[in-house]
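Going by the order they are written in, the chains are A, B, C and D; count residues from 1 in each one.
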Amino acid sequence: MPSNAILLLHCPDQPGIISELTKFITDNHGNIVYLDQYVDHEEGIFFMRIEWELEQFLIPRDKVRDYLQTLYAQRYSMTFNLYFSDERPRMAIFVSRMSHCLYDLLARYKAGEWAVDIPCIISNHEDLRFVAEQFDIPFYVWSIDKDHSNKAEVEAAEMELLRRERITFIVLARYMQIISDDMIAQYPHHIINIHHSFLPAFVGAKPYHQAWRRGVKIIGATSHYVTAELDAGPIIEQDVARISHKDTPDSLVRKGRDLEKIVLSRAVTKHIERKILTYKNKTIIFS
Amino acid sequence: MPSNAILLLHCPDQPGIISELTKFITDNHGNIVYLDQYVDHEEGIFFMRIEWELEQFLIPRDKVRDYLQTLYAQRYSMTFNLYFSDERPRMAIFVSRMSHCLYDLLARYKAGEWAVDIPCIISNHEDLRFVAEQFDIPFYVWSIDKDHSNKAEVEAAEMELLRRERITFIVLARYMQIISDDMIAQYPHHIINIHHSFLPAFVGAKPYHQAWRRGVKIIGATSHYVTAELDAGPIIEQDVARISHKDTPDSLVRKGRDLEKIVLSRAVTKHIERKILTYKNKTIIFS
Amino acid sequence: MPSNAILLLHCPDQPGIISELTKFITDNHGNIVYLDQYVDHEEGIFFMRIEWELEQFLIPRDKVRDYLQTLYAQRYSMTFNLYFSDERPRMAIFVSRMSHCLYDLLARYKAGEWAVDIPCIISNHEDLRFVAEQFDIPFYVWSIDKDHSNKAEVEAAEMELLRRERITFIVLARYMQIISDDMIAQYPHHIINIHHSFLPAFVGAKPYHQAWRRGVKIIGATSHYVTAELDAGPIIEQDVARISHKDTPDSLVRKGRDLEKIVLSRAVTKHIERKILTYKNKTIIFS
Amino acid sequence: MPSNAILLLHCPDQPGIISELTKFITDNHGNIVYLDQYVDHEEGIFFMRIEWELEQFLIPRDKVRDYLQTLYAQRYSMTFNLYFSDERPRMAIFVSRMSHCLYDLLARYKAGEWAVDIPCIISNHEDLRFVAEQFDIPFYVWSIDKDHSNKAEVEAAEMELLRRERITFIVLARYMQIISDDMIAQYPHHIINIHHSFLPAFVGAKPYHQAWRRGVKIIGATSHYVTAELDAGPIIEQDVARISHKDTPDSLVRKGRDLEKIVLSRAVTKHIERKILTYKNKTIIFS
């Protein structure tokens, strides 16, 4: 299958952008297979995702970025990312002790649902090594001391591994550690976390217990990009489940697992498909 | 249609309660038409709703309460409420300027969906008088000064009206004023509010704007009993709607209206049907 | 508020359409405030909705249609509809005996949620005259004989009224009569019906009873454009509600009412906003 | 953990059943930890699930069934099933070529979510042997000839295996073969299928393609017990997902997978927990 080019961009809204860009692509024999755009009228910002086939495209693949930069980026004060569909993202998974999200991710990976590579799984515990082994994926454990005294050292080792494996984004699949600002800075809006509540309700620890104490009738899960502020990064996807007075904290944990799996996997799907733009602290999710 | 007795109770959990009560009712020729119970094993509390036909019941209607008190309440440390299905609750509606919840309540009332009387609508503005007039319901306006200097006086007048009209519960249908602790004390767990967010997210003013700023992917509405702490009373019902980056604060307000209507009306339905028990700061909602 | 032009179109997909049209509008000083497009790759059809401000637009309002026809329609084999935002659609409501959908429509109308006029309500029964009177809308009753012997005559009178009132679309708000092919032909894809099931499950009469007999765990409602084949026209909107074994046919009817109201009103909203395109037997719903 | 007794029963509704049964259990020192009951007033049938701790129970475990039979079953024309919580159901999984449901079931099994044993996986294709091997579960393949000439022989071999492994219920995890009436008769209401539509819409083959052709706005999945009539057995659980005109048959298949997984797993959970009663062609699902 020949490759497509995928362009994600935003810039101040102004007349003519769509017209110019689509003309540029079609004039150069690119067949547009996807176009979606959105104008944030409050902010005055134009967002677009456009995808075209490279097969007949007159501009060589390695020059496309230059052309876009030269012809449009400066003129329109445009920020853009260019991807090629045959360049598979490389994903690292961080886990602690719970297997449900990990199994869901790996089952999709193994079934070929995603155009992604998963070269490594990283953990602070040995518990889930057996899952990694079931799927033949290298599993690395660095345990973090209670007092966090070795945290910097552990993260340095992890980052070395991520570099070596050319990891392009990280998925925290119920990883029960806080990521340092340093690591976040290496992967800005490229670390996806699943939080087991309907954020911003129940930030922090034990959200199901918080939800149970408050007596809510619906629980939720939230996938978001990790930023320096805890549980406050751009939200990618949320979903909810109805509960009742009959639920206990334990049954919420049980029901929540199914939410967490699906909400995390939907976010990972969108990220892999390059359908997410972030702007300020929000996401634009193309369909 | 002959009347039913409806008994709502809770007490420390212990063997034999269901057996005793059902035996008491059936031995006295009451035909049980509804029974639902629930044990909160964390708290060790037993909750029950039981409804039986009075037609053949051997104990006179005005003695039922005494019998329950004498035979069971003390023995089981039971708190109970006894209702008769032909005693219609009397509901007062408080509104400010938005008509959507009010119309939804009145349309159900007029269509006979509810066994309830609505003898009055109270407001701090004239705006919705025309709706009350469409439905021929007395409309009372007491406007509250900006500095709240006349608030005590207004509430005194309102409470006088509520007493005169023998109001049994109050519905705040987007009433944009805080109810004083005094009035709440008169109607403990009998004032239903609709809050336009998925509580406890976005407590307080302008929750849709808060939601938009946070970039959530789902908005919600919450109906709850009013307690002294703002937006923190026992939750009766919640529901949510999916939104996207395309939504503006205005479109959230618009979509939220449909949530508010339905979430408030579901709570009112459950209250009228005497299917809600409150315990500590939570509700048990019988189906 | 100055008017916008709204263009809905479809044509065989080919390079350059978006570019040409947006260039045409911006070159003539039209400020595009909405653009959404979609390509059905199975059918090879391009669909677009585009909206622009007329205030600075160089082409006079009454010439826009001609220009589009001359410049693009033939060249691209384009089918299009052009609307102006200040030309309010005129809606007729048909009802029988149930008030819930009617109240919901009229409450929105009265609250100014919709840019629509409702000059008349038509029924085959007197039952809901009081609702029309509450909202000061003329109410016309033509009762149809059991043997349908006067049906042609009644529909002729109705169509005469629709013409006189310049009705642009019809909403069947639980109207329990089948519309003749003649009337459908007068309003092709402009008659919106609400069917009280999740179509295509439970076509025809008494769908809640059918659902109850089948023991489904979820019920639904479907709004669709009326076509000659019963309950088989293009679906506009559907929604569902969870039920359980405890539900009776009566409680399904009760729960269904809330679904019907919201599903019908969402369809009407989309229609009024000119956000629906139909193609073959399906709808494209712009967001 | 000491065992509980779980009693599921139904009988003609009559006064005193709950009282008698709860008295019987508590008089014999059984601590009731779960009681839920439901009366179908249309059919006049009483349904109950009751669970109590055996630890202090005076009646020996192997006599409980006899006591219930002798004391109550005949008197109340009661049909009942008695289970013990330490007797784990034994589940066989049938698959064809798609892995998503299988992975979801096995991940839950491996994580200890269910009190169940899975001694074998049966298929008509070799494709998923690798999944069985990942989880160390014996995998049996009997391929069925195109003309079904060996179907009786294959089913005989399968039934021999099921007997040998003392299988108590079967899960068809996207098994693309029709089960013969003979096998169904061996496992009446003990074979759970997942159908990839919102039944009764789109019975039979390729339901996502049917849904796409009809232009529905919501797709669904249905888990049900298998009966002789195709896709017509008692429904256990359904769920739905919103789709749009942008979806293709392929994207429906993709989105449907997530529905199928969750809807099948919820049904399996309820079955394992002995929370399902069937009556006529419907299920009563206790919470």
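Points worth noting:
To be clear about the criterion, contacts are C-beta pairs under 8 Å (C-beta built on N, C-alpha and C of every residue); 3 or more make two chains touch, one makes a residue touch a chain.
From a predicted model like this one, the values you see are computed outputs, not experimental measurements.
Ranked by separation of Cα centres from chain C, the top chain is D. Interface of chain C with chain D: the two copies contact each other largely through the same residue positions, with over half of all numbers used appearing on both sides.
Annotation: A-B is the more contact-rich of the chain pairs B-C and A-B, by number of C-beta pairs in contact. Separation between the centroids of chain B and chain C, computed from CA atoms only, is 36 Å. The centroid of the Cα atoms in chain A and the matching centroid in chain B are 42 Å apart. Each of residues 41, 244, 246 in chain D touches at least two other chains. Taken together, the chain B residues at the contact with chain C in this complex read 99-100, 103-104, 107-108, 110-111, 113, 134-135, 244, 246, 254, 258, 262, 265, 287. Those residues of chain C whose C-beta lies close enough to touch chain D in the complex are 38, 40-42, 198-202, 214-218, 220, 234-240, 244-246, 248, 281-285.
For chain C in complex with chain A, the touching residues are 15-16, 18-20, 22-23, 26, 31-33, 35, 37, 39, 41, 242.
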